[in-house]
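Got a structure for you, questions after.
Labels run A, B, C and D following the written order; every chain starts at residue 1.
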Amino acid sequence: MAFSEWAKKADFDMMFKRYNVIIEGPAIKPEDDPDVKKVLPKDEPFKSLAMAVIFGDTEKAVQATKSALDMVSPLDVIEKGLAKGMDAVSALYAKGAYFLPDIMLSADAMTAAMAVAEQKLGRAREKKGTVVSFVAEGDPHDIGKNLVVMFLKANGFEAVDLGRDVPDKEVIEAVKKYKPVMLTGTALMTTTMTAFPRVAKALQEQGISVPVFGCGGGAVKRDFVESYDMGVYGVKAFHAPKLAEAALAGKSWKDLRKEYPKVVGEFVAEYADRM
Amino acid sequence: MAFSEWAKKADFDMMFKRYNVIIEGPAIKPEDDPDVKKVLPKDEPFKSLAMAVIFGDTEKAVQATKSALDMVSPLDVIEKGLAKGMDAVSALYAKGAYFLPDIMLSADAMTAAMAVAEQKLGRAREKKGTVVSFVAEGDPHDIGKNLVVMFLKANGFEAVDLGRDVPDKEVIEAVKKYKPVMLTGTALMTTTMTAFPRVAKALQEQGISVPVFGCGGGAVKRDFVESYDMGVYGVKAFHAPKLAEAALAGKSWKDLRKEYPKVVGEFVAEYADRM
Amino acid sequence: MAYKDPDDMVFGHAKFPVLEHWNVQFGAGYVVPEVKVAPEAGTERSKETLVKEMASIAEQAASRAVDIGLPAFMLEQEHVFQQTYHPDWGYACTLAQAEVLKKYYDEYGVRAALRQTVGDLRIEEKGGLRGSEYDNRIAETIEECCKAGASDIAAETMGGKSVLDYGVMRGDIRAILFGIGYLGSIDMEYFWTRAVNICSKYDTRPAGDTNCSGANTCMYVAGGLLGKDMSHTAAALARAISAARSLVAVECGATGPLKDCGYENTIIKAITGVPICQEGKNAVCAHADVMGNLTCQVVDCWSNESVFHREEMGGPTPAVWLQATGYESALMNTAIQTGNAKTLRDLYTFTDMYRDPQGTLLAYPNAFRVGKAIVEYGKDIYLRARAAALEASKVMMEAYEAKLLQLTRFELDTLRKYTSILESLPMEAEIFVDQCMREYPRKIPTFDPKSYGL
Amino acid sequence: MAYKDPDDMVFGHAKFPVLEHWNVQFGAGYVVPEVKVAPEAGTERSKETLVKEMASIAEQAASRAVDIGLPAFMLEQEHVFQQTYHPDWGYACTLAQAEVLKKYYDEYGVRAALRQTVGDLRIEEKGGLRGSEYDNRIAETIEECCKAGASDIAAETMGGKSVLDYGVMRGDIRAILFGIGYLGSIDMEYFWTRAVNICSKYDTRPAGDTNCSGANTCMYVAGGLLGKDMSHTAAALARAISAARSLVAVECGATGPLKDCGYENTIIKAITGVPICQEGKNAVCAHADVMGNLTCQVVDCWSNESVFHREEMGGPTPAVWLQATGYESALMNTAIQTGNAKTLRDLYTFTDMYRDPQGTLLAYPNAFRVGKAIVEYGKDIYLRARAAALEASKVMMEAYEAKLLQLTRFELDTLRKYTSILESLPMEAEIFVDQCMREYPRKIPTFDPKSYGL
């Protein structure tokens, strides 16, 4: 073990570079980030509401909501305050300044605060739309699906989570029941992803059409997903809400296949030929 | 450079094994090989004819043919003598006792001797059938195709060699002209193998059907070849005559896809699921 | 500790070598290359097609082994759902591969081992981990694989997954410790006591278990240097914890070679002396990690991880990937034969030791330290897992302070935060479990305490 | 000889390093990993689709380089027919890749080189090698690639192929010598004088040329240990001859790094001191060879060879394969930084030195001997090629007699037979050429003597 001696003479830069450290700019407060500034409300009480979500501080968010409700409507609290905070969080995540647990904490804060506002409202705020999510039959890998569900919820969708190892039949039943704007499937194995074309076919045969059937996960690749109708290959879990929004706006699975990078708003290597 | 010292202390068996040396049996004469014995004629003048081919000795083969023609018919010289020698050579090649250059020299001897016999016959002996071979447009890799042509010729087929970098149109013209029992295409690049489906489609559209369109070469894989009609994925050049014979015997490309390993008479990893 | 000095650990050598049939030894002075290929999509549709697929994978691998002169190799098959769910499929698939390997062993004398990794089908929220239909079928299939000629049996069990997943998503280090270290260890004891028992009736070794479902999940969620889902220092803490958990299989009688994707294996080898499989730079088609060379450091069986079964320009993937791991193993075997094993080992290690905090932790002298921290707490599955994490934290902080390991703010912040949380945890398992049980069953709907006898 | 002692040769170091833009040096003390991926089938259908395909390959490679912390890399693109045939496609494809690399260089500081390997479209029997339409288009495309920002230009020219192919099929060593050694060398001079000339006008290096069409063809026809198409000793003789031929590019002004698949490069590096690319154990998806480690011995740029452009479980192939070569390069760079380069070099070499006669020949001390035999005959392209083969024969026979190298009867017989044929050849080029010209034009319909000024 000559490591300490080696460490003295070696030029690490010739062996590896920690680019994550190299490109790290000076620490800036989230609220000073230019992309956050764009969405952050300038006026109170909305600013405080948004900031509490940005910092993932449940207690403060609930507190701020309670006092804001004395001044403005519950819907404004949600839409002009809390939701803006979540938009800022998404922007920070997309650029690598925020990480997954940050988002989760923010989502928790948002959920708790929203519950308070909705209570005042007297009903649950309307969700943007419903999405049904599942992991294919025989497949236990569910982290990707869990992320998808989390991002959908954080972005105001009603996400019906069917779990993992879900028989085709259950998926079809759920689609019938919830009439979702999007169905998402996750599979990480070559031998379980075969559920997707089966489900797609069964839906078609039963005359049920889903605007978009987003499919992703480890072994799943674009050409596979594009080999059956409705399928749109999903690359990153945080793309899911953007796809759902596009579907809400009337885009079909055919459109999404073609415009994926534009819809999710970033360079996507897997779709590099469609940029 | 510590190699000589290392060579003394290293146990090579832990680093690599030269299995080709390990499994090499004692040297036996070709004529003593059991598979050769099965095909080698016992009586003269046929035995000498076959032996001259087996040893790839052009001079002897011509000499033996000349003297044999005094005793037996030219057709017998060819079929009961020279051709048996070539069968023996194929057997030796298949089991790894003979190598490519051996085959080539035997084929040369056979060709020269046959010319003498055919002269006596007054005409060329009828070939088993015609095969057209080409390398795809834009592709310069032709060794595989050359091997295919060589094996076809050595096994009594008329092989029309269109060369390399052959435009689709020329291939189709040749098929019209020669009406082959088999067409073979070779391509070694992802971007040139696309000629095969184009050619297959053009043939179909013009109502020309070829019993078998054998396709092979570096980048070409079975699933690709089986994605268009007529295509049969060819693995080894020496399989070509067996495929052609099967086609002569009435097998269609559909049959050959299913029965490839049986038709070529050996284990073929690429068709392991169809053994 | 099986080793007194970390410097005594080196690839190709284990304190307790393992002999398997067809003349393969692990840890007996040479490194064995491993190859592993997932069945093609669709072949799972019937028993017949899957059996053929298995035979074809075996044949393609074995013929390449001979063609490039490999003295030995291991073929591993990670079961897909159907292979474990239907014990008769498991039997037939194993038999098909065993027949091929035996043929090559007889014909060429090439040493060949056949690993069957059963799928852990159990789902906490569907019937639980113990005694459910899925659970019973796993046991049956292990037995069928033994009968059909498997050289060894491995698994990647999922105990603690529900809680771990929650921990990953929230950055909750206590949940990670509870999920992997405590629940995971409990389930390992259940699973491996039974598996060892079954294997002992046959000429089949009970090999071991990796914490794929925990530490690898963290590692993959963490991703590359630009990944934004999990801190790499946190993933390293999870790895240290997983060593305390995966150790349980060996304590129950598993002999190794431990499963390839257990990046915690270096730590377990230091403690127990069993041989290990590992994956790294020749597993690029399967996983992206940030320590492709380091994992060679003390390996006994070098693997590629599962890839698609298809054709490459250089041949079918079983052939191609066995060639890749075969050549790397040949390099290591040459180093052994020429007396340079330790130098090569150190080069492997140093290449990645400071590329990422996960490499810092797993560099064998540091892995050894973590091992020592674990054994200090004997069989207390909670305290030893906690100790592993704390020692890992020390290792990383020391390297950071020595300016050898660079960390981003995020990595450093999480490391500091998680360390202080770990430090503040109770010194008694009972209290810790109590605390956890008050919180997690409520927050995590998929967590089934009964599956752990809680 | 650029080196006095073969022991002075080591990976990452060349007597004459080459600097390319975006701050990449070859042979200047570190090994650069290379990645190369063939465009997906069908993308050649239009300029637009091919350009997108090129950009996507570049982007996938560059992002992985950053994600795993590679300090530098080279992207090579081997042109498909259309890229070279249409100079404007060649321009647009190169530009698309250059833009991506520049972006990453600016953003992260990752050093990146862009190699364009033009396709040698020329066909002897269709217009000949000189002045045909194909020939002119190649020259135009080289210039367009330079303009678009290529760091260097390489090629794999095919001079002598017609005669060589005949030689391979008949086991005719004289044809092999004539095809590669004589005709090949003549065509190299024609091709590279022009290419060097074009590159000199731009910030683009004329890199060099491999004898793919000759020695590699022999190596692939020879195949693995169980191959039955060509003797491995004969393939080794062809390789030695090819060194005398590929040397011509450097004599014409090519600077290196020489192209990856030139297994003869060790010999040329010994003679000229230019940096070299090589491929081996990380090129398994493209080629099967029997010396996966040995080729690392004195490499300056480590390559994967072209693979299919598609998705693997671990990511898209440009990412995955750059990771593979990147990690191997990292190991070599660590060895350099810690003062262990020569030990690692010797381990690489010794791993394959006796696996196969081709490895014996190319082991750097032996390669050095062949180099010396070549330079003894100065610029006589015939005599130096013949001397290379004879020295190679000596090298193999010595190893065989020392019982280090095992040979099959076939390998030994062909080696003896070919050696005696080579020995009996005339000592004057003129007489040799005369003999060849009496036989081969008649026997080989595709051979066009005019293409060589004969």
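Structure notes:
Criterion: a residue touches a chain if its C-beta (ideal position, glycine included) is under 8 Å from a C-beta of that chain, and two chains touch if they have at least 3 such contacts.
Being a predicted model, the structure only gives us computed values, none of them experimental.
The chain pair with the larger count of C-beta pairs in contact, out of A-D and A-C, is A-C. Rounded to whole angstrom units, the spacing between the C-alpha centres of subunit B and subunit C is 48. Between subunit A and subunit C, the centres computed from C-alpha atoms are 30 Å apart. Subunit D has its Cα centroid 39 Å from the Cα centroid of subunit C. Listed for subunit B are residues 2, 6, 10, 12, 15-16, 18-19, 219, each touching two or more other chains. Within subunit C, the positions touching two or more other chains are listed as 43, 63, 66-67, 69, 225-226, 308, 313, 319, 330, 333-334, 338, 350-352, 355-356. Arrangement of the chains shown, judged by which pairs touch: an irregular graph that fits none of the line, ring, star or complete shapes.
All chain pairs that touch, listed by label, are A-C, A-D, B-C, B-D, C-D.
On the side of subunit C, the complex with subunit B involves touching residues 29-30, 43, 49, 52-53, 55-56, 59-60, 63, 66-67, 69-71, 107-110, 310-311, 313, 316, 319, 330, 333-334, 336-339. Contact residues on subunit D toward subunit B in their complex (touch as defined above): 6-7, 38-45, 80-82, 85, 120-121, 123, 125-126, 158, 165, 168-172, 217, 221, 225-226, 228-231, 308-309, 346, 349-356, 363, 365, 404, 406-410, 446. If you check the complex, the residues on subunit B that touch subunit D are 1-3, 6-7, 10, 12, 15-16, 18-21, 24, 27, 93, 96, 98-102, 104-105, 137-140, 142-143, 146-147, 150, 163-165, 189-194, 219, 224.
Subunit B contributes residues 2, 6, 9-19, 22-23, 218-219, 221-223, 267, 269-270, 272-273, 275 to its touches with subunit C in the complex. On the subunit C side of its complex with subunit D, the touching residues are 63-64, 66-69, 223-227, 280-288, 290, 292-293, 306-308, 312-315, 319-321, 323-324, 327-328, 330-331, 333-335, 338, 340, 343-344, 347-348, 350-352, 355-356.
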